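Chain IDs A, B, C, D, E, F, G, H, I and J follow the sequence of writing; residue 1 opens each chain.
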Amino acid sequence: MTDSTFDILDTFPNPKIKRDFTINIEIPEFSCLCPKTGQPDFAVLEIDYIPDELCIELKSLKLYIWSYRDQGAFHEAVTNKILDDLVAKISPRFMSIEAKFNVRGGIYTNVTAEYIKEGWSPS
Amino acid sequence: MTDSTFDILDTFPNPKIKRDFTINIEIPEFSCLCPKTGQPDFAVLEIDYIPDELCIELKSLKLYIWSYRDQGAFHEAVTNKILDDLVAKISPRFMSIEAKFNVRGGIYTNVTAEYIKEGWSPS
Amino acid sequence: MTDSTFDILDTFPNPKIKRDFTINIEIPEFSCLCPKTGQPDFAVLEIDYIPDELCIELKSLKLYIWSYRDQGAFHEAVTNKILDDLVAKISPRFMSIEAKFNVRGGIYTNVTAEYIKEGWSPS
Amino acid sequence: MTDSTFDILDTFPNPKIKRDFTINIEIPEFSCLCPKTGQPDFAVLEIDYIPDELCIELKSLKLYIWSYRDQGAFHEAVTNKILDDLVAKISPRFMSIEAKFNVRGGIYTNVTAEYIKEGWSPS
Amino acid sequence: MTDSTFDILDTFPNPKIKRDFTINIEIPEFSCLCPKTGQPDFAVLEIDYIPDELCIELKSLKLYIWSYRDQGAFHEAVTNKILDDLVAKISPRFMSIEAKFNVRGGIYTNVTAEYIKEGWSPS
Amino acid sequence: MTDSTFDILDTFPNPKIKRDFTINIEIPEFSCLCPKTGQPDFAVLEIDYIPDELCIELKSLKLYIWSYRDQGAFHEAVTNKILDDLVAKISPRFMSIEAKFNVRGGIYTNVTAEYIKEGWSPS
Amino acid sequence: MTDSTFDILDTFPNPKIKRDFTINIEIPEFSCLCPKTGQPDFAVLEIDYIPDELCIELKSLKLYIWSYRDQGAFHEAVTNKILDDLVAKISPRFMSIEAKFNVRGGIYTNVTAEYIKEGWSPS
Amino acid sequence: MTDSTFDILDTFPNPKIKRDFTINIEIPEFSCLCPKTGQPDFAVLEIDYIPDELCIELKSLKLYIWSYRDQGAFHEAVTNKILDDLVAKISPRFMSIEAKFNVRGGIYTNVTAEYIKEGWSPS
Amino acid sequence: MTDSTFDILDTFPNPKIKRDFTINIEIPEFSCLCPKTGQPDFAVLEIDYIPDELCIELKSLKLYIWSYRDQGAFHEAVTNKILDDLVAKISPRFMSIEAKFNVRGGIYTNVTAEYIKEGWSPS
Amino acid sequence: MTDSTFDILDTFPNPKIKRDFTINIEIPEFSCLCPKTGQPDFAVLEIDYIPDELCIELKSLKLYIWSYRDQGAFHEAVTNKILDDLVAKISPRFMSIEAKFNVRGGIYTNVTAEYIKEGWSPS
């Protein structure tokens, strides 16, 4: 996975920096390619985060997600990669990502990863 | 966002001030305008609170919610603004607000913020 | 709200007094009148309790609930009143009541109150 | 209801004019004002049509629907008005509109109207 | 059942008299009394009609429905009575009423009746 | 199956004999015994009928249904037997019965039978 | 597909031969093998029939269905084969079979076939 | 309630005695009689347990459950009785039983009781 | 839309050519590009057909569907194009296609088209 | 149960070994045989695990699951056996397995077992 897509992501300042509040984002239209077979994979992404100084701008997030459409990506790796990218961009207090992939071979797979900022804990 | 709407909110005395009890209010008809594009946004609001000395009068809450209909409002900011207004009005022991916005660009966004009165904890 | 209805409530001895067990009662047919407008209000009641020496007899509970049909009752007050009445009658180890009122003016309201007997804690 | 909004509607040529096929459009975000009380009303619109020479362009339909946001409109009248406008614009072989309004005063109202072109019948 | 409630019903002129269109009304809050036992009964009413020259005004319909709250009424009789009253008031081209009563003695009962104006048939 | 239970069924006069209207009765608590194994069987009964001069009294229907609790009964036979009994008792214009039996051996069975009075057809 | 399994099917006499009534059978546990890859396939079978002189005995139907577990079977062929077998065994007035196969390669397939006895038509 | 039914229950050795694992059993077909009125009562039973040295054999559990079919049993008492019987038979590390009774008089009742072996706590 | 993808489609002989039976295929993973904006579109395809001499081979259908992933395609045109391609390939007795597109701009669009072979009618 | 199937399982290196993240796998197509009666059993398997150095390769997991198709297996034993096999293969930080078996004799059974690596605890 190339990192050029990382630059697509845009941010804006947290409008209530003093308060721990949660932003939940559901993206039902994630699609990438299976690195082994080249066939399309589909997933629903659930992102939850508590912003620190920055929030993710949604239009840029949409473009970032689309950039995976022609990339080969393993389930476990791509979920962790998206988490790493978003954390690198906005350094949130907390973030979790769940990727719920469509059935393949009679098997459904969800991958969930989370990040907690060092020194932060739920107030 | 102007603050004139704040005065619309009315209150009544908590009928059981000695007990921590919870009032849950669901408002499926919140609508405001996107500050960037001017297009209507829609959300379902979920408000939970434990009153202290005052409760929110529901008819005035309805008018307060309608007052956003012609205002531009970012998702993250407006959720925190409503929480701030309601807390300023009735000073509850606890309050949380979840705003579940309709899909835009294939993305669903929920924003959740909460307030806990200093010195209060669940009995 | 008059207290004559209180006498309708009947009880029977807890058949397993040594064990903390839970009785959940759902009453989808609660109806009273709005004290301001006189219009009928409807709610679903959810009652959970851990009995001590007495249990609520269900037929008498049905009659007690019907007695509100012609009374004016505010959401927050009537929920706490029912909890107070039932607690006074059977002195349970734990009781909670949730009243889920039908939509009015585009707003749904639930009120939840609970009681814990002094000196009792979950085993 | 002024007719200026009618001009917002745009069209494009039917790509398969020889075949009777159906286009179903669901718009969950219709909002107007109650002419009596001025309070916001909300509805889900379901539009089904079989195009003749023209189809409705969706972005212009969205703008047309938004144009009702600040207009007073009775349920029965506005549903028939939207049907009349769309029929006048694209002269379809068949069109039906169902407007499902949110609950008011404990009552849900749906209004359904349809148009069949003279001389056309289901093949 | 006294007929005084009949006068509560109000009407307004059909805004699109040339077209057969359907108005569907759901009333989840119908309540009356069982003539045998005096206990409250509850039902959801579904009314569908195609107006001729008059439509039912909804606020007056709400009051008409409330007027049954303290009347004894058998399931089969009350459904036909409401149909008769509404037909007498607005003389519609078509009307059907379904009354879905809450469970009693482990049995659910729905009663459905309909009226078709002499000389009218679906266009 | 003995016929003594047939006498339990009671009737009352149709309150609107001039109109074809439908009474739907759902009984989720039918239980009988499997004639081969003696094990309990469970079914949901759905009865629809258009009364002629008589209606089924619900309390007697409940007792009639209970009378099967200790009888052996094959799925196909018992459904037709209940239809025959009810038709013999009230001679309706139309009646249908669907018996939806619980799963046995990984197989779900529904049996549906209907009766139409000679000379009657839907108006 | 060998035909030895055909002999497993057992029958019993229709208890109400004078009436056209319907027996619906749902079998959620059909499994066979893909003839190309050897991998297990799974389907839900829905069988509807109007018996003539004979009904299918359910226990034998269960055994008949299990006999496919180790056979290779294409979706379209096996559905028609089961219909042919059951028709040959009981010669019903009407029978339909729907086989709803589990997703394979992101695609769901249902196959539906029906049989109508010559000279029979719905009464 | 006689205790003869207790002997019906059969057991088998826990196949993984070193591990705390959970067995959940849902029985949608529990039926007994109301001791006051003699009318049938129906409930769904949910049993969860962590076995120690013995597990409940399911066929015997089915017979044990059927043995209540002709017994009078109060909701609160019968739930505790079943828990006592099963605990006496297999002495589990943990067991809970929830009995969800069908609606009676417009009221739904669930009774939940649990047992924890002395000296055992969740690992 | 280039026609090269048409050659991907493969067929096999109808195993029961004497009977009109139906094959239903659901494809939840259709994706193409919006010709105006280049952004990904997503749809669920529902295909129903009654085969004549040929059936569609499912693996080749999957590849055919994937071939749209990088093509620009208007909703109305692409639905009719897929129907035309499949009809040209297998000349079925009947075929219908419904394409249910994901929400865009708060609007859901479904397009449904069908084909009936000349001289064929439902038996 | 023979252990030859154990060798089918394949693994790949954890792509993010520093982070505790969760992989959820749902397999709706588990089937084995009842050791007592030889009849097919069906279950849905839910597997959750936090990988340490290795992840389970999904295609090999599918083959491993299929290998139970012709084996006799008791509910409680087979769930623990699958957990033991997977733990032995990839030595995860955490793993739980829930097997939800289809109804038999009117009883639904779920078995849930979990494994926690010594020395590991949720971060």
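Following the convention adopted for this analysis, a residue touches a chain if its C-beta (ideal position, glycine included) is under 8 Å from a C-beta of that chain, and two chains touch if they have at least 3 such contacts.
As the structure is a prediction and not an experimental result, all values here were calculated from the model.
Asks: Can you give the shortest number of steps from chain C to chain H, where adjacent chains in the path must touch?
Replies: Shortest path length, in steps: 1.
Asks: Look at the interfaces E-H and B-D and say which one is made up of more C-beta pairs in contact.
Replies: Answer by contact count: B-D.
Asks: Please report how many Å separate the Cα centroid of chain B from that of chain J, as a whole number.
Replies: Comparing mean C-alpha positions, chain J is 45 Å from chain B.
Asks: Taking each chain's centre as the mean position of its Cα atoms, how many Å separate chain A from chain D?
Replies: Centre separation, chain A to chain D: 38 Å.
Asks: Measure off the straight-line distance from the CA centroid of chain A to the CA centroid of chain I, and report it in whole Å.
Replies: Here chain A and chain I have centroids separated by 33 Å.
Asks: Please tell me the distance, in whole Å, between the geometric centres of chain H and chain I computed from their C-alpha atoms.
Replies: Centres of chain H and chain I (C-alpha means) sit 53 Å apart.
Asks: Which chain D residues touch at least two other chains?
Replies: Counting only residues that touch two or more other chains, chain D contributes 28-29, 102, 104, 106.
Asks: Please name which positions on chain J make contact with chain A in the complex.
Replies: Contact set of chain J toward chain A: 14-16, 19, 21-29, 51, 55, 58-59, 61-62.
Asks: For chain I, which residues are in contact with chain A within the complex?
Replies: So the residues of chain I in touch with chain A come to 28-29, 31, 39-40, 42, 66, 69, 102.
Asks: Along chain F, where are the residues that touch chain J in the complex?
Replies: Chain F reaches chain J through residues 102-104, 106.
Asks: Which part of chain F faces chain G closely enough to touch in the complex?
Replies: It is residues 74-77, 79-80, 104-114 of chain F that touch chain G.
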